[in-house]
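Input: one structure, supplied below.
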Amino acid sequence: MTQLILFNVMNGLIIGAFYALMAIGLSLIMSLSDVINFAHGGFLAVGAYLAYTMTPYIGFWGGLIVAPLLTAVLGLIVEKFLISRVYGRDPLYSLLLTFGLAFIFEDGTRYIWGAQSLPYQVPGWLMSPLSSSLFFLTGYRVFMIFLIVVVVGGLFFIMTRTRLGLRIRAGTLDLETVSVLGVNVRVLRNLNFGIGIYLAGLAGVLAAGQLGLQPTIGASLIMPSFVAIIIGGLGSLTGTLLGGLLIGVASGVTAVFLPSATEAVMYVMMAAVLLIRPQGLLGEEGRF
Amino acid sequence: MTKDGFTSRLDRRTLLKAGAVIGAAQIASPFVRVARAADTIKIGVDNPLTGTYAALGKNEGIGMAMAVDEINAKGGILGRQVELSIEDSTSGDASTAVAKARKLIDRDQVSFILGNINSALAQAIANVANEKSVFHVVPGGHTDSVTGSNCHWNTFRVCNTTQTEANAVAGAVIKNAGKKWYYLTPDYAFGHTLQAGMEKAAAALGGTKVGGDLTPLGTTDFSSYLIKAQAANPDAIIFLQQGDDGVNVLKQAVQFGLDKKTHLAGAQLELEVLLGLPPEARVGTWVFEWYWNQPNVPGVKEFVAEVRKRSGGHVPTARTWFGYASIHTCALAAAQANSLDAVKMARAMQGFKLPPEIALMPDGAYYRAGQNQLIPDLYVGHPQATGKDDPEDLFVVDQVVNGADVSPTLEETMCKQDWPA
Amino acid sequence: MSFLTVENISKHFGSLVAVDGVTMRVEKGECRAIIGPNGAGKTTFFNLITGMLPLTSGRVSLEGRDMAGIDPSHRVKLGMARTFQITEIFPELTVRENIRIPVEIAAGLRFSPWMPRAMEGPIRDRIDQLLDEGGLHRIADRLAGELSHGDQRACEIMMALALNPRLLLLDEPTAGMGDDETYAIARLIRRIHAEQHMTIVLIEHDMRVVFNLADRITVLAEGRPLAEGTPAEITANEKVQAAYLGGAA
Amino acid sequence: MGNLDLRKQSTNLIVCALLLTLPFWIDHVGSYIQLGTQIVVMALAAMALNFLLGYTGVLSFGHAAYFGLGAYGTGMTIRYLLPSTGVGILVGTLVGALAAAVIGPMIVRLRGVYFAMVTIAFGQVFYFIAFRWNDVTGGDDGLTNWKRMPIDLGFTTVDIQHNATAFYYFVLVIFAVAVALMAFLLRSPFGRTLIAIRENERRARFMGVNVNFHIWMSWVISCTFMALAGSLSSLLNNFVDPRSLFWTQSGTFVIMCVMGGMRSFWGPLVGAAIFVALQDYLSSATPNWQSFVGLVFVIVVLFFPRGVMGIFRRKATE
């Protein structure tokens, strides 16, 4: 029994890291642009499909590098021509816009790549478990964690050490002041959106390695990401990371005792957090 | 037929054909549409085009369109051309499916209604069709109740009941793996009945259940279930997930190396799922409901060739055949009864044997009287990582099981038909 | 006991000290002006009094009642009404509706799902009276968002007055206005002060307005009180001249 | 002022006339009566949402949950407790109201996108309950094996079970009562206080309005009418399934409000009519209907943010 729980805790961390990757991208966009990007799952699917399409030509590794970048470029374009047009208006409109885009993305991927699940192949040596007793630790999952750690670490570096990151963080706190200081807010939001979408694209490629590649691949990941953001603290990246890991572990452990409550448990956690600490675990007061 | 919408093409083609019958001179006339509407026989299709079952729905659609063309080429139904009215039922929104069924029946005045892949939606449509007394064919929704406890006189089903599938495959799993089974079952009506069927079939052969979990429909990460399953140390893990869930769970099980520690098996497996799996995950013991590579059955080769023309080179799956057989069932029912009256047609189909060029299986297939369930052959076997002669030849049939031998008896199905007085 | 007592209040934003130990007493019926250079913490000071921001330390009391822990909306019920530096009105409603809402709230109808018959007349009269006093009758049926800056400000002041406050806090009522508008607003405030003996605290940049209206003046600089006194005393105060008036004059 | 009143009255009259005569003309415009009933039900839902969205200025993206609760409440009452349509509606509506009342305090402190996000997340809780609690709700298969019952009025029985037109008028009567109630509330001092919050929350707060409490009340009222709409929708289909509480359904309600015009009382009705008819048409016309629905969202947001009634109104004032 203890072993089973331990397994599930570790497994939950792996799933949680994945939720966090999604959620951090969403959270970045939400903090700076006040936009809930419902199309995040759609971008995720695009990233996965692009990687699938490119793999025969540039291999798994090439796809892993290029596909998220291309997705980010698509993100930059969508932001520039569509989403940026609703900045400054009632947040209602940005929600509806990305909601509509989510429809278009899902249907578009189905139109281009078909409704049939596609087999996305990961190099053979990554596919096997590392050890026979810890069989759920496949090479791929360990690699996934490694990559997520590197990327999230890189993101935190960008956010705390580079000019772009400092401006984004300042912008999330007080956009007016930042614009007064001569920062081009349009460009800032555009780049920030691109970073968020890059993370979605990367999550897509990683997801395709262990899930069937179908147009709805991103849809089921959006809600856990929301919950991760709410639990972790609106506007706090560290909080979002923590939130993702927490719900991953919680649903992993719940699967042992009460499998039918694996989703419910994260919402119960969310309700508890909202009651006790409405700004989220690491959120700042008054930032919501 | 490429990936873009088949409805639009279908409409255009049927329109042209209808036009040819009415007379070339009238094609340009604005009244063609009206004339066509009055003269054609409409078959309503209420099947998924979007969501999880979109791929299956598309394949059934290809089979349906092909059958319609064949029928029209031979003069149609009762001398009238046939036209499909296709509605997207969505993959799981029963309210939409019901609304669409009512729309097809009330507004489009269809003579037949087909659907659905999702068992729940199939049952919901069956109830509407029964209320309106419309001849209904379920191409591919498997749950037992449709031709069992909730059966209707007017609802016919092409695909098998879950119990039949379970009976067909249970022996092979016990032989290949052993008697202790752990179930991973999708948490909805289809999954429940399939698991019950497997348990029953296994019990009859001395198999036991060592554990099981219900997984929600649409689960993406099955790892915690797999960990539990592995901990129970079974001879075989029985996967009852379908579609995308099936792809996800098998892909993850094989990544965990479970195929090397225990036997992976299940009941129904579809070519669509195999195609979505990476080669190393194409493992286990399963049952197919129809398979395209049957070199000794006459007519199959031609059928495959024709489907390839329409699907961009892809082979037919069981789904394609379901759609094909469903439309032919409608045409045969009308021809048999020489009427479009639903009661007469349903009476005419009791015990009706499909002609071999439509059944396309060694022992043929017939609609069992009193239940309206098609009793076909089933194909027990194992997948292969890559096809030898054809990349889509991914299944090896070890044994063809005659459905008559593995179907539950009419009493066991609990079907009580509610014929109108 | 003074009407409004502010004792040694401070507000820190992290390491930034916006208001640093300010004490002020305002008597009933007094018109007090608060002046100071930009960044002196005047608006923060206002926000502390009205409860929009929590105090870091110190005490605010109205007629001896400690305001600690009392929500801004509740402070309104206790008699505090305010306007904002950037006019806060209901832009998509007409001026009449803008006035009507606070009148109904003041009449205790904010939860009322219907208008009691007996209240209809008095409420209509009160709205008309306020429209008259604010000189808003001519524009009563126009959308507030479409009005000139001065008219919007007059509307906002009348909305505050509609609440029957005993203390009126005005944050730069003439900011960004031309001479005519400034004059009209100043006259409006003077009339309210004179006719209703309203206690008024106002932040103002325009010294003509300040010296015209205020009974006493408090000068803030860098969050600290620099001086307090009658207009004449403040004019004479060397510290103030050095820090503020000197530069401005 | 006089002109405006006249126009308002004429809008009311046109809406009433169209709805009352719908069964007589709907077949002639290539549609069918169930679609008409569907439009009225969706219109009620959209107007219920607009009470919060358009008149209190609070952005809920999780209203489908209360729609679904009403539907399940009604369906389960008729199936398990008492085969009475009236009791079913009552229970369904109360269940929705109760859930909203309990959840309200947890969310009224939030604003804007955060409010939207938390309402979605809470809505999902109910979705998962309906989805996972197979034994009671039927899970993904939906709640079946029950039917709306004829209404016994004592002196006569209205057969809404088999007569689609009778059911349409039954729904229309409930719609009329609900809409009249909402209109009455919005024209009261309470309603004006809500509008004050929409217009300027800070101003409202500094007028002594306990904003969070008022938002809570508006939320509960809105969700109650939403549950009523859900209840009617379950009766329309004799069926409920978990997708009626899925968050994407909430988005559909929001677009109905925006498409019709959030600032207009009848706007959501117009939006619901357009959206339901359009979706019905598109999903028959093309398997790629989702793209077109998505495109409608984008076009409305970018080009018609004030909705159909907004366009009319602008034209009229020009």
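To keep things simple, chains are lettered A, B, C and D as they appear, and every chain counts its residues starting from 1.
Here, a residue touches a chain if its C-beta (ideal position, glycine included) is under 8 Å from a C-beta of that chain, and two chains touch if they have at least 3 such contacts.
Computed from a prediction, not measured in an experiment: that's the story for all the values here.
**Student:** Can you identify the chain nearest the overall CA centroid, using each chain's own CA centroid?
**Tutor:** Nearest to the common C-alpha centre lies chain D.
**Student:** Would you mind checking which chain's C-alpha centre is most distant from the centre of chain C?
**Tutor:** B
**Student:** Centroid of chain A to centroid of chain C, CA atoms only: how many Å?
**Tutor:** Chain A and chain C have C-alpha centres separated by 47 Å.
**Student:** Using the average of all C-alpha atoms in each chain as its centre, how far is it in Å between chain C and chain D?
**Tutor:** That pair's centroid distance is 42 Å.
**Student:** Using mean CA coordinates as chain centres, what's the gap between chain B and chain D in Å?
**Tutor:** Centre separation, chain B to chain D: 37 Å.
**Student:** Determine the centre-to-centre distance between chain B and chain C, using the mean Cα coordinates as centres, and give it in whole Å.
**Tutor:** That pair's centroid distance is 74 Å.
**Student:** Using the touch rule from the top of the page, what residues of chain C touch 2 or more other chains?
**Tutor:** Not one residue in chain C touches at least two other chains.
**Student:** Which residue numbers or ranges of chain A touch two or more of the other chains?
**Tutor:** 107, 111, 260, 263
**Student:** Quick check: what residues of chain D touch more than one other chain, meaning two or more?
**Tutor:** Within chain D, residues 132, 288-290 contact more than one other chain.
**Student:** Line, ring, star, complete or other: which describes how these chains touch one another?
**Tutor:** Its topology fits none of the listed shapes; call it other.
**Student:** Check the chains against each other and report every pair that touches.
**Tutor:** A-B, A-D, B-D, C-D
**Student:** Under the stated contact criterion, what part of chain D meets chain B in this complex?
**Tutor:** 30-32, 34-35, 38, 131-132, 134, 139-142, 144, 233, 237-241, 243-244, 280, 283-290
**Student:** Would you tell me which residues of chain A are touching chain D in their complex?
**Tutor:** 30, 34-36, 38, 82, 85-86, 89-97, 99-108, 111, 223, 226-227, 229-230, 234, 260-261, 263-264, 267-268, 270-271, 274-275, 278, 288
**Student:** Quick one: in the complex, what on chain B touches chain A?
**Tutor:** 3-4, 50-52, 54-55, 57-58, 187, 213-216, 218, 220-221, 223-228, 230-231, 243-244, 247-248, 251-252, 254-258, 261, 272-273, 275-280
**Student:** Show me the residue ranges of chain B that touch chain D in the complex, using the header's touch definition.
**Tutor:** Result: residues 4-8, 49-50, 85-88, 90, 92-96, 98-100, 102-103, 106-107, 119-120, 123-124, 127, 187-189, 192, 214, 216-217 of chain B touch chain D.
**Student:** Name, in rising order, each residue of chain C that touches chain D in their complex.
**Tutor:** 50, 71-74, 76-77, 81-82, 84, 88-93, 97, 100-102, 104-105, 109-115, 141, 156, 159, 163
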